[in-house]
Amino acid sequence: MSEAKARIAVLGASGYTGSELVRLLLRHPRAEIVALTADRKAGQSMADVFPQFAPFPLPKLVTIDQVDFTGVDLVFCALPHATTQQVIKSVFEKAPAVKVVDLSADFRLSDPGMYETWYGHPHSALDLQKEAVFGLVEIYRDEIKKGRLIANPGCHTTTAILPVVPLLEAGAIDPESIVIDSKTGMSGAGRSAKEAMLFSEVSEGINAYSVGSHRHMGELDQEYSKAAGRPVKPMFVPHLVPMNRGIYATLYVRTTGAKAEDLHKILADYYQNEPFVHVFPFGQVPHSRHVRGSNMVMLGVVADRVEGRAIVVSTIDNLVKGASGQAVQNMNLVLGFPETMGLEQIALMP
Amino acid sequence: MSEAKARIAVLGASGYTGSELVRLLLRHPRAEIVALTADRKAGQSMADVFPQFAPFPLPKLVTIDQVDFTGVDLVFCALPHATTQQVIKSVFEKAPAVKVVDLSADFRLSDPGMYETWYGHPHSALDLQKEAVFGLVEIYRDEIKKGRLIANPGCHTTTAILPVVPLLEAGAIDPESIVIDSKTGMSGAGRSAKEAMLFSEVSEGINAYSVGSHRHMGELDQEYSKAAGRPVKPMFVPHLVPMNRGIYATLYVRTTGAKAEDLHKILADYYQNEPFVHVFPFGQVPHSRHVRGSNMVMLGVVADRVEGRAIVVSTIDNLVKGASGQAVQNMNLVLGFPETMGLEQIALMP
Amino acid sequence: MSEAKARIAVLGASGYTGSELVRLLLRHPRAEIVALTADRKAGQSMADVFPQFAPFPLPKLVTIDQVDFTGVDLVFCALPHATTQQVIKSVFEKAPAVKVVDLSADFRLSDPGMYETWYGHPHSALDLQKEAVFGLVEIYRDEIKKGRLIANPGCHTTTAILPVVPLLEAGAIDPESIVIDSKTGMSGAGRSAKEAMLFSEVSEGINAYSVGSHRHMGELDQEYSKAAGRPVKPMFVPHLVPMNRGIYATLYVRTTGAKAEDLHKILADYYQNEPFVHVFPFGQVPHSRHVRGSNMVMLGVVADRVEGRAIVVSTIDNLVKGASGQAVQNMNLVLGFPETMGLEQIALMP
Amino acid sequence: MSEAKARIAVLGASGYTGSELVRLLLRHPRAEIVALTADRKAGQSMADVFPQFAPFPLPKLVTIDQVDFTGVDLVFCALPHATTQQVIKSVFEKAPAVKVVDLSADFRLSDPGMYETWYGHPHSALDLQKEAVFGLVEIYRDEIKKGRLIANPGCHTTTAILPVVPLLEAGAIDPESIVIDSKTGMSGAGRSAKEAMLFSEVSEGINAYSVGSHRHMGELDQEYSKAAGRPVKPMFVPHLVPMNRGIYATLYVRTTGAKAEDLHKILADYYQNEPFVHVFPFGQVPHSRHVRGSNMVMLGVVADRVEGRAIVVSTIDNLVKGASGQAVQNMNLVLGFPETMGLEQIALMP
């Protein structure tokens, strides 16, 4: 590809992952936004829906049907679960050479049975499900470069997989022991008007949700089991915290003999050349504020007071590395751009 | 005791637990505040320090030395750790018949060795340490009624002990398996001016703190071990959440054969007559908002997707049931008042 | 009325003003809640809708049609604007002796023309509109005691009327000069699911709304004009602040010759015996936190650097003195109870 | 200047304006940070003080004495008021050719008498005070390009001057009528540990501060008077809002005959080519969230219900356009870089 700009469409631009894609792409030197869709808000300008974009020229919001995909290089799909399968199938029928980075959960589980178990219905695009690559860059970089359909991982998932996979691959922790207590900011719940997400319902408090049944566990099982070489089913509970952005996972593990320092060394070595992963010195943990607005993952390892037990902390910005930033990172790989292009923003603190 | 009011002194009235005591005592039908101390702010009125009290008549702030303890029925001691031991010793020397409810950590650990291990120095009031009663009302009600010195438990501790002790006593969970992920609001950090507690440092984010080394673990070990009849050392990590009030503990346990429903039944039975403990229906969990400003403990039990594993959620207001409310509950027992007197406030939501 | 409890119905119990009424009435020694309505949630228990009430016995939610008003002493009406007129008309037809405290805006404007101007349609219960008493206790105490239908004032209105009426009555300020910059917490926007009220839309920021056109201005005009004895139309802009509770009005005025100290003296004298109004010393202003959860109004007056100009600050809790607390205060007057009964809660800080 | 990078020193890098400068400069294509100072934290790495910078190479923190200013092209001075005068004097003595952008208030008032009135002591670097250029780019662009010492304006000031100066210059509003109700996020209060800035003191509430006496008024008087051609002393009250970033000013004005639409047209025309000023369509107002993290100013004009009165809203991010972003904008002018370089970040929402 020459220095010409890639032509990008964003399907579902009126939600938070959509607007975050627009924020990042407007400053990406090789991307040009040629289409923005939002079915219910079609006909409006992006500035009507998100006034922060008023100073910037952007295409009007249209319906998906109005997009001519033949002139598009890459499609970001930020649509709700389930509708996504049909939309992407239809996009590929119209434009087989287009690349797709899908931010929904529709193509993350490679096993059709597992998909059906977690989502309660059979997958309706089985060939594409087979073809899709799990878009966790630090683990699947080579596969992603060759992919046509990238399934961008979930936000809780990204946070919990990156610190655990190297430890499981090294056989350093007991797969049975893993407990993941995950905390997310409110933007992860999306922009739909729901009583439970009103300011007055969620500020000044905290609560667990989807206890024992959150669908992200399917992704965790898949990736943990692959890394361990045997079935793994961690304990996982997500919580809503009164902040806009951030996922903060506290992981409790037992080693297979290693010391906590050894776990730290495994992670530090594994990620030493990764531009978007930073491992804190042993004994220190990050705050979620340290990654807000950036594409970074920050990790920390601390010894428990009882030998053979350790605490691992992992944090990302759910809208960046947990969604749109990682999607752009995937775009960069798929289109042959430098991996960090357009993603160099440093955390906004405070 | 007749219908006359008890004469109450609050030592350390310029902090949040102190002001919370004043808030509750001003509306307590049998309590009269006769002395308020605040060493550095002595000479000021309470309204200077906390303008919300401006409409109410209250004694001026004085130093501890200025208090005549002989006319006092009960002393609340809301002073920092370590200074407390000497102060209470001296109070009892001046007025042996006075009752003391201490909100610091100084008298919570009954074993001198354990105290020295967690706090790094020997206890300086060993006789009192021996005499002190652990003021967790729902567990030690009878001992408290007869006590002279009540050691009001910590906020993380109260939250984590109440849901676990019945399960350990029943032998229903594996003591080795307990993981406690606890989240606290900012008022738990007190009113001292510290950079790390500034609004701009703690809002819009979350972080773990004192990972692997928090002193509250001493209280957990003590009470869990007593309930289990063997040494228990749970995993415990506290977190700071951008809210003023609330402790929210998510507990991960493995059963010794019981189902999650059985754990729920044990808790529901244990607490069925307790005025300040509410157990949610099986499968449901509380939010911290549901107890804000009240003296309630709310508990929930949910089955994990893997049999033999369960999630227990426990929440309190750290300044009420986690500090000043429980202190008043202890006062009511010690002075022979109805246990719920002055503590009937319902949660403020939103 | 004997020591027997008054039988109370709350229409619209599933919103925030409804739940706040229930919070206050549950602790009111002379009130018994006999009916709670919530049309869309009829059939559910109050604990389903507001889990903080789970520990307390309450009637099930029903539709308005299901309530037998003949056995009711007083009805609180916390319904949306416009539907209220018909509902109250119908309640009085069924039970003419019942008292009604209405928390909507339907009966606040006594002039039919003014009502039509602000609401865009004629009033549909003109007789009742004529009968209704404006329920601002500190101004209309005597009229309220004799009233059958009390129109509880709005939250912005209560905040802005109390500090200004005494100054206008005294002729101390120029009616043309009044600027009111009012800031409200989010609970004032209610519990309906609206995109604009999501946590992610309103936290970490501030915005003006209804600029130049807010309907509360009708109430301000009415009360200011009455106090001044001539038409007054203040400038007024409301703002949304990321907090749950509180109205905070900053008022900018020019005197007719008086000094700022004189304005302070007028207010201090006017409210010196009011249990729910506290005037700060001259030169000091309250925070909204000082009234959170309480029925207090707090006022402050400060001199501007230019003589003849002054700044007046007024703050209340929008759900208490701005809605349900003032409604209970009205109930106390109407039913002959002590005015402060059930309203003694002190501000919850932090 | 060639494409070589400019060598930049930041004095006072451990505060929020300092860290914001580092955030922006790290991504500025023509800037290289060669020195960072923080007297009390000298010897530490920037990552110790602000862990979000851990992934980036930066010079260690040193004392000001340790900096060799001869090799420096431009100095940002983000030190507290009063110490700044001496520091900058001494910097120019060591390196007369260096450029300085000062973020303190020390050089903003050009009149020595006015300085003494507001700050209570004579200025100690009168020559430099005379030389300094007021760094409000949109008003003083040409002067800044030629300046050696730029006095970066205050955050409240920037917000309130930009919407008013064009209106005063046009003679469209009555200078006597201006009321400015300004609201700021907490980061404006800095990173010093103060009780009044603790999370538990400032969240969940709002309050006015420095009522009638805020020093920023000196800057307002200076710029308003210059624009009006006569002395102007607006009414101004700042407020603290529980958010990290943002200044939001609501301005109440009376016209000299013009309609509100005319005011809008004046502002839209005045700023039509400005890259960092966006004027909303007439009748609409921005939220502070629309500029968070960006260097934008957003303005809105709305007609009041009474003819001849209007409401103007102005918002910026206090740490960007209100401090460090504007400072970089000034640097770009002074060093001959494109004005928008390094400042293209779009608002982070949510």
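As written, the chains take the letters A, B, C and D, and residue 1 is the first residue of each chain.
Definition applied: contacts are C-beta pairs under 8 Å (C-beta built on N, C-alpha and C of every residue); 3 or more make two chains touch, one makes a residue touch a chain.
These numbers come from a predicted model, not from an experiment.
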item: Copies chain D and chain C - interface residue numbers shared by over half, same or different; value: same
item: Remotest chain, chain D as reference, centres from CA atoms; value: B
item: Where chain B and chain C are represented by their mean Cα positions, the distance between them in whole Å; value: 36
item: Distance between the centres, which are taken as Cα means, of chain D and chain C, whole angstrom; value: 39
item: Centroid distance [mean C-alpha coordinates] between chain C and chain A, Å; value: 46
item: Per-residue overlap in chain A, given as positions that touch at least 2 other chains; value: 16, 186-187, 200-201, 203-204, 242-245, 286-287, 289, 292, 350
item: Chain D partner contacts - residues on chain C that touch it in the complex; value: 179, 181, 183, 200-201, 203-208, 211-213, 217, 233, 235, 237, 239, 241-246, 248, 250, 252, 285-289, 292, 302-306, 309, 311, 313, 350
item: Interface residues, chain C side, partner chain B - complex; value: 16, 19, 23, 26-27, 50-56, 186-187, 204, 244-245, 278, 280, 286-287, 289-294, 296, 298, 344-350
item: Parts of chain A lying in touch with chain C, wherever the complex brings them together; value: 16, 186-187, 189, 191-195, 197-204, 242-244
